[in-house]
């Protein structure tokens, strides 16, 4: 017979104002198995915890039930208390009488009855609880970072500096990401390349960091501490060992027809290319769709000119299997496609450009060598209109309902850069709201207005009419109610950011969830911002939601710290609530193995003595290290040979019975 | 001897129902079983053999002993007893004979009070069999299907449009008296007709394929039969379901169970089957670990153990197992096998 | 002397609720970006601009709206609706405002008798029909 | 069938004398006309009593559970439906294939004794002979010929797999796989029930279930019920009591049907053996019908290497509870 | 409806206190219920939640047991398909309970008494809505007698 102690928390007035604690205490005394009950204002406080600990010792309690807030909140707190008092922590159950009771019900009588019922269920379950001991698994002391933008680079550096191996996987030929495309960075206006390039070099030189550029993660299995990952290294057509990065091939390649991705299509590149001069690794890639050799079989100029014979047309995709203890997802973001915003003429007029294209236009290494001119006629613009919130905060089907967060600041930056370069050029910014939360951000934006004379207009642009060599911008100053018409030379659109198109596939591969907009979901919006629901997988950067560089870097370091926390342990304790097989009942049908999401169940042959005869039988076997405790197998098992510890068939049935009283 | 026109029977049921719980063979969803009569019930007196035997009335499949109720820390108990006197109409002679076999067990010392009460409160009305089926073999156990069986308070014969009625016991006579306004005396013609019918049944019996089965041919003592190699062969096809024991009018093993219905509940007995793997399950496990031992147990009980105790076979030849066993492992085959006969083709 | 009018935003006002019901549009969604006004081809004939129409509705200042010329200037071309980032269809709201007036007995905007005088030979038939729909009960 | 019977006997004798197998699983004839039942032959001379006629309804695959696990070499004769059962048990890993020699028997259909009795053909019946699509009932008073489909089991009339889908050796010629009745018709009784109101459906099933004696014949005869220990026999978990109580009867029947979801080969044995004539096939077929409708046509026992419907899924699976929107982004 | 009839209806409604058992997966729906609590949303106290790690842990036995023990409605709530904490668990839930739901309807259990739905951790509102919706329908149907064990006292 178990000796159950029940502890009822008032949670100040959170519970006690709706639930009559005295009645609950009185009812608890009559529940089968209960030998002790106690109520207290704040059970989770140290005093409250001590009540639990002392009672366990004094009254020889063998099971403990705490009726308080959600187990998602304080289950671990009370389990620790039980453990401190010498009781196996898994002998404790929580009855959720706050979130599921006092907070959602108004009628005191009904809420009190429900609280009693929930406590009864917890007591019924607790009586059937078994002491559980978590197993241990080793940790692969190596981290995988998916995505080589600033978030990925920073994460990799931090983890590597802590002394752990890091593999950095980047889809494109070079790390650097979106930040590499930027000219200056707000709010300090320092050169993006000047601060990013050293980090890229650091990453490439770090003896603990392996960069897999032009590679993709193809498959992820396993669990925290022991992820098994397949990385696909796409055929680069270049032998990375031999290539010195001299660049002769780039210059000699006759097929210079492809639009440069890095330059946002503002210039052309060769079929063999490095995305940009500071690329890391500084090894080119052959774009097989553009390359004449691959298309027609003739050419081969690059191979002829290569001094080291690094060109390898026969190269194939390679797959690499690697084990990791932790994974950090830093896959970044994209800009939305502006085709559906016909009124802005983006698709139809070369002088209507995105912010990112503007970055390339003003960049000294960009397609115009830093000369800010109109893409159409290479003339210096006299009037430039910037439009914010193109697709952001847009509830219609065309846009995104969220704020893209970075546009206010970079538009101010663009306007300032423009006025700095050409003081005689007028700058107009159409905005809905200007949002400058951030250190030094407001000052930065005010500088654009106050020192640089940028015209900020609260209002939006209705339509742009290309007229002659001008762009007639029809807008409104919503404050004055004046309808405006500006003859602009150039229009810069602050297009909304969005999650990478493949994000949900990546999410499925990693078993991490994505939100409505396909950004990855953090475990808790406030308290666990870099963790995911999948232990050992962390998030950093704009793949989790729109954010600027300072925030991205901060999150990257935070994710790195979390990962280091895992890697620094030689062993991890398992969730002990895993499935187990009763071999005497198991029929060996192995239906469980077919549905297990973790492939944690395998078959084995056993010899059983049944009524004096030896029978060799096939049975299922659970790998406790792989099992995550979903319990799906228990339902495929008709005879109930496989059961989930902590949530056994008997326990749940006991709860049902108790609740139905 | 009395009689009643068959088209008057509905009135008879109604009349009996006023003072008794009345059990009749009633068809429900294609199955005929003894169940309580209600206005509009589909009574089927032609069905030779109900699926469940009327054993279910004197020894119900589930019978509550007592109910309990928890009040605070106290437990209140209440013994349950059968509330109403009852009448069973249409019990075939084989089934009437089975009651005696059950009486031997339950009314011997120590007397089973629940069973005793069930027997005392009941009045049995038999119905002779005019058309025994090919699976019938009651004759092998000296039961005459055409007769007024011992143990029936009233015996009846179905003569097509008439039902002949003869009270046998004191209880039966008093009961008949109470129904006098519906029953009339029989004529000489009726008696003659009855004799003819009886003789006809005897002829039919001769033609039945199974009536010549002879349990007496089983030779040897208990230990020899127990150790017989025949069991090794016989049991093999048994699927281990409990159908034979449940439809059998003489099987009488039961289990005791409690139902905990939230602070109240009941203790009940329910039929159990020696064919089940958890039959007589004990702390150390099951005493009969294989189906061979279970099959042997059942037939040893019917053909050896029971006769040793009560000098009568525990089978009445009703033919239910012969008809129902999914793999046709019926008692006729067992008797023949043990008696050294091969199955004729 | 500057007089201050105390304005209490009142979207629960019966008339406002009715406008919202008739139009089935959610006026709270509007962020006053002005994109509707910026693109409106009929804006030059309006005394109250389209985005201001929503603002006044948000404030519950319905009387001013009902007296305005703007609601009659609206051509119901749906340009605003197609571009609004908040998916608010102002043309429907304009229509609802017009209906509120027109539905009152004898309150037709156009006197049918006077129509022939107003007609221009180049006006397509379609426009006349839609004019009736818009101005007359 | 006479000719085949001789062939079967010959095969059985050879297999036993040649020590190819330790046991032959076939049928034997009892004293009554319909009395063909499973028999286990270990000696050549016993084989004389082996039979093959239109009453060999019993599915012998079910016995392989015990026999093959005991490391005996078994030769088994299977009809079309028995072969589906064999495959289903293979899929459930309940048969050791190495220990079995499967002799396939194309099956013309089996006679339902109840239909014979209903036609009163059983009076003095001594033998039934098959002749093409007709059956000749030999009685003491002469011969009566009836079309076979009038006395075959209903399930045989819908049978799509009269020829075994698995065998090591096939005996005789394959029979035509055309069904006597339209196969889609097998769901017509289910549809008729579906068309009723909830109250009517409950009344129907309640009166059916309340007949149940819990003899477990339906379970024990079922090739999909092959568990080492049935969950209903789990005294510790105690999900099913022993009392005759409507609620317990309903629980038993719903869970029984649910436990064979996607594994029920629709052989109809459960209904056949039910002493109380509970139409269990109407439960099984409801589930088969729903699986077909929701997840695509599936015949259990056709191919043991496929995944049963309940141990797999499709991202875009339909469900029966979210009314059109399937919930989530997987769709 | 007359005032008197209305009163009677109110009285009746008070007399019937439905019992709804909700199985909620720990990661989405239980958290969604927590969020409903944190957001102080309202749903009736007749709904009682049992925590399971994943909706795929819910056995058909549990559902029937609840009905046997007098539940007037049963709810299973899990993560949206594609969002399962255990990757694919709820895809199995979807199949298993699509079939069970139909089976229960087939034997005459009113469909509104058994509800399966997907409620994420952020859908506190949806949680309250689903609970209220089921309760409302069950209320209309009245107490459940089907499947219920006559010996069980509630």
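For clarity, chains are labelled A, B, C, D and E in written order, and residue numbers in each chain start from 1.
Here is the rule we use: a residue touches a chain if its C-beta (ideal position, glycine included) is under 8 Å from a C-beta of that chain, and two chains touch if they have at least 3 such contacts.
This is a predicted model, so every value here is computed, not measured.
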What chains, if any, are shared contacts of chain B and chain C? A
By Cα centroid distance, the chain farthest from chain A is B
Centrality ranking, top chain (CA atoms only): E
With chain centres set to the mean of the C-alpha atoms, which chain is at the far end from chain D? C
Give, as an integer number of Å, the spacing between the C-alpha centres of chain E and chain B. 46
Rounded to a whole Å, what is the gap between the Cα centroids of chain A and chain B? 73
In whole angstrom, the CA-centroid distance of chain B from chain D equals 31
Averaged over CA atoms, how far is the centre of chain D from the centre of chain E? Could you give it in whole Å? 37
For chain E, what residues touch not just one other chain but two or more? 60-61, 65, 69, 79, 82-83, 88, 92, 96, 149, 151-152, 154
Sites on chain C at which at least two other chains make contact: none
Chain B: positions in contact with at least two other chains: 259, 262-263
What chain-chain pairs meet the touch criterion? A-B, A-C, A-D, A-E, B-D, B-E, D-E
Tell me, which parts of chain D touch chain E in their complex? 190, 193-194, 198-206, 231, 239, 243, 245-248, 250-251, 254-255, 257-258, 261, 283, 286-287, 290-291, 294-295, 309-311, 313-315, 317-322, 326-331
Over in the complex, which chain E residues touch chain D? Could you list them? 60-61, 64-65, 68, 79-83, 88, 91-92, 94-111, 115-118, 146-151
Which residues, counting only chain A, touch chain D once they are in their complex? 504, 514, 584-591, 594-595, 613, 615-618, 636, 638-641, 649-650, 653
Of chain D, residues touching chain B in the complex: 28-32, 35-40, 49, 58, 62-63, 122, 124, 207-208, 211, 213-217, 219-221, 229, 233, 235, 241-245, 269, 272-273, 275-278
If you look only at chain B, which of its residues touch chain D in the complex? 28-31, 33, 51-52, 60-62, 134-135, 207, 209-210, 233, 236-237, 239-243, 245-247, 255, 257, 259, 268, 270, 272-273, 276-278, 281, 322, 324, 326-329, 332-333, 342-345
